[in-house]
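Below, subunit A partners subunit B and then partners subunit C, in two separate complexes.
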Partner chain A sequence: MVLGETCMSATLETIRQMIAEEFQLDHAIVTADATLESLEIDSLSAIEFMFLLEDRFKIDFPEDKAKIKTVGDIAIELDKAIGAPSDERKALARS
Partner chain B sequence: MRRVVVTGLGVLSAVGNTPAAFFETLVAGRSGIRHLSHSFPEDATPRLAAEVDFHPAAHFTPMRASMLDRTTMLALVAARQAFADAGIPVEQPEHFGVYWGTGAGGANTTEEAYRGLWQNPPGRAKPATVVMAMNNAAASEISLEFGLQGPSLTYSTACSSAAVAIGEAFHAIRYGHVDSAIAGGADAMLTLGTLKAWRALQTVAREDEKDPATSCRPFAKDRSGFVIGEGAGALILEEADRATQRGATIYAELAGYGVSSDAQHVTKPSAAGQARAISNALREAGLTSEDIGYVNAHGTATAVGDIVETVALKMALGDGARKVRISSTKSMHGHLMGATGAVEFIAALLALRHGVIPPTAHLFHADPECDLDYVPNEARQVSGIKAVLSSSFAFGGNNAVLAAKAFT
Partner chain C sequence: MKNLNYPGGRDAVLLVHGLCSSPLEMQYLGRQLSKAGLAVFIPHLAGYGCIPGESDVRIGRWEDWHAQVARHFDALKLHYRNVSLCGLCIGADLCLSLAAERDNEVAAQALLSTILFYDGWNISPFRALLPLAYHSPLRRFYPRYRERSPYGLKNERLRKWVEQEMKQQSQSSVGAAAIPTTALYQAELLIGHVKRLLPRVTAPTLLIHAKDDDVASVRSPDYVAARINARVVRQCRLADSYHMVTVDNEKEVVARRTIGFFREILGDIPSVRLGLAGTSFA
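The block that comes next holds the complex of A and B.
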């Protein structure tokens, strides 16, 4: 549980920094509870951001992932995905 | 019938990223043509191009830039310039339209998506690919950014796209469909696939190895075609009374628009078709050939095209064709494809305003079959220009000509 929380907080901080940088927002307002809507990140931008995460972390988010509303939700999805081997990793494992 | 005036300009081009810088460079006769700043992994051959010095990070957040094609970014930045120049408030957004031209739309996005899919099967495309690549992306983003709720229309008539867009916006204001409009065009297609396709068509200039910048030579005996460029041109058009009432700076009155189709051949131009477009523009503007002080020609520097255009000018202007100054600024800014009609009309408007005709650069060897005054190599000061024309003739046989006169 403690380990999980540590991972979560490291991931959350990564996500906060990436959102602040990519959308040029003040890091202080990109909190775990902040909704994407309140940060004026629309649904298409959110999808593009998840795509960026897939590229950067070499992961695949599942098609049926939970609805993402907050910054914290993204961190949770990223932690889940990092725990699961991506298609790319599977391919590497086979080769 | 309502009168229409131009009150704001925006330009991004290989010869300048503001209207003032663009016109100064043209008047100085300096070419923006050089080798492309990047090569392609698949084919490292250096390629001539007229590339815009453009840095998305100066204008957009990283995430926004990743969701806009280069064409749309160029369009938006030119539109911002035009709005700032006009100082026009959007008070009745439903009466403010967007009339935009593009040849290839989001060409970079399309090519990148295909590259990703073919090179890394099974592959995947960016989620925003569709909305980045669609031909109406630029018009849509302009309407979104400025909150313009009138028509948001895209014209794709190859090399006359922007001229058609400006002409249609002019008519929309003239006939009372809207009161104000942003009109123009953008294209950015310096991709491997597009460059190869144009080369295959054998319309692209042979490189002058000693001085690549001089490779495009319209109306010259040693001409060999155009150089593909990129960029955007934007104009704010307004109903004249409103512009006067709000104290706007008026560049000129957009007074005539002629459009025609050759119905002859997909690439071979027709002098009769071009002449009809020129005559139609003059007629609508209430101008005669004697009134025209300058024509910014289509002048693509192809073997056939420049002769046909010369014949068309003689057909439409009669004896006046011998007196009028004509230049092809494509010799310097390249062929901006769907944007070219906008930046060349802006060059003509600034010539009218400043009384200076930008030259046809690199015209060192005259062609007896191109026997009009093409203002070779040196800009010319001319007092008392009353009116100007800008011609755009497209593959597919579409011809569009814009006529502007000093506003009085």
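The block that comes next holds the complex of A and C.
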């Protein structure tokens, strides 16, 4: 397994656990392919969850979050965002 | 829009959302109450609530709003040892209306951003005239009261998202872009009814309100606290929120204080889960 895959699987597992806990769902149904809609996570809850991730990991997701449909999509975007410096990190770097 | 319910133990809470909004604005609080061991039911009230994405709202009479809340309360009473109430905005007024009618049956109530006076810092002076317009030909020209920024939200990220939702559709998850004049008129009638009946309210009451509420100042919860006859009245002021306290910056504080209050009144909440999910109390 390459390093990128290891990171992705660790991130995915973190996201799965967080979603299962936050929305009181059976961990087994929170799969990478599960859409937020199929898990009955509405748009308000989804955006609040994204804000929670931004705060917890000190990252910024892209403005357009419409393409995030599945649990796996969140993990992919989180890995991308962790790789990219957030506004806060940029500010720290400048100071 | 479907009703939301979350499993719990032997005690239940009926959550009532705000006027022209939906159960979605109460779901975070509902989930936290459920995690604390309380069964939670959040109904969509016909003629009162709105459906995200749909612009056409047929507003009912406030008496019908009250009757629906009473019916859901009675249904929960059949299954649970204690049933408490929790409402946001006009939903808090509906809780008061029911508590005045069922003084010994309501175990406790948590009232969030209660509105008895539309005197918040973002309310237009013309807003007070809108219910009058209902009685005049003016209602043809002012059929709706358009909500304006900050939409009850101090959280800028969420406000930005709500603004986008309101641009794309007339209804966001936390309320309508514009409220029908008929709804405001019915709300005024409900408020008048509640003010008259406040001395009849004896249920232990928690009032949570933001100091900087943009829709209703702290005059409303203070007015309630001074007039009800509850043996326990607690007030909580939020310093970093506006009107929509169940989704704004301090939603965790709102959940924590509400759970703490229900624990204080109900005693230990059994953690055993008897199950409610999938049960309809409509």
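The working rule: the second predicted complex is superposed on the first by the 91 of 95 C-alpha atoms of A that agree within 3 Å, B and C clash if a C-alpha of one lies under 4 Å from a C-alpha of the other, contacts with A are read in each partner's own complex, and residues count from 1 in each chain.
One rule holds for everything that comes next: a contact is a pair of C-beta atoms (placed from the backbone, for glycine too) under 8 Å apart; a residue touches a chain by one contact, two chains touch by 3 or more.
A quick note: this is a predicted structure, and the numbers were derived from the prediction, not measured.
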| item | value |
| --- | --- |
| When subunit B and subunit C are modelled together on subunit A, clash or fit | clash |
| Subunit B versus subunit C as contact partner of A:24, first or second or both or neither | both |
| Touching partner for A:42 - first (subunit B), second (subunit C), both, neither | second |
| First, second, both or neither for A:10, with subunit B first and subunit C second | neither |
| Which superposed partner A:52 touches (first subunit B, second subunit C, both, neither) | first |
| Stretch of subunit B, among 276-284, 312-320 or 330-338, that runs into subunit C once the two complexes are superposed | 330-338 |
| Contacts on subunit A seen with subunit B and repeated with subunit C across the two complexes | 22-24, 44-45, 47-48, 51 |
| Residue numbers on subunit C that touch subunit A, as the complex places them | 6, 24-25, 27-28, 31, 34-35, 52, 157-158, 161, 165, 173-174, 247 |
| Complex contact set, residues of subunit B against subunit A | 61-63, 66-67, 126-128, 131 |
| Parts of subunit A lying in touch with subunit C, wherever the complex brings them together | 22-24, 42-45, 47-48, 51 |
| Touch list for subunit A against partner subunit B, complex | 21-24, 44-45, 47-49, 51-52 |
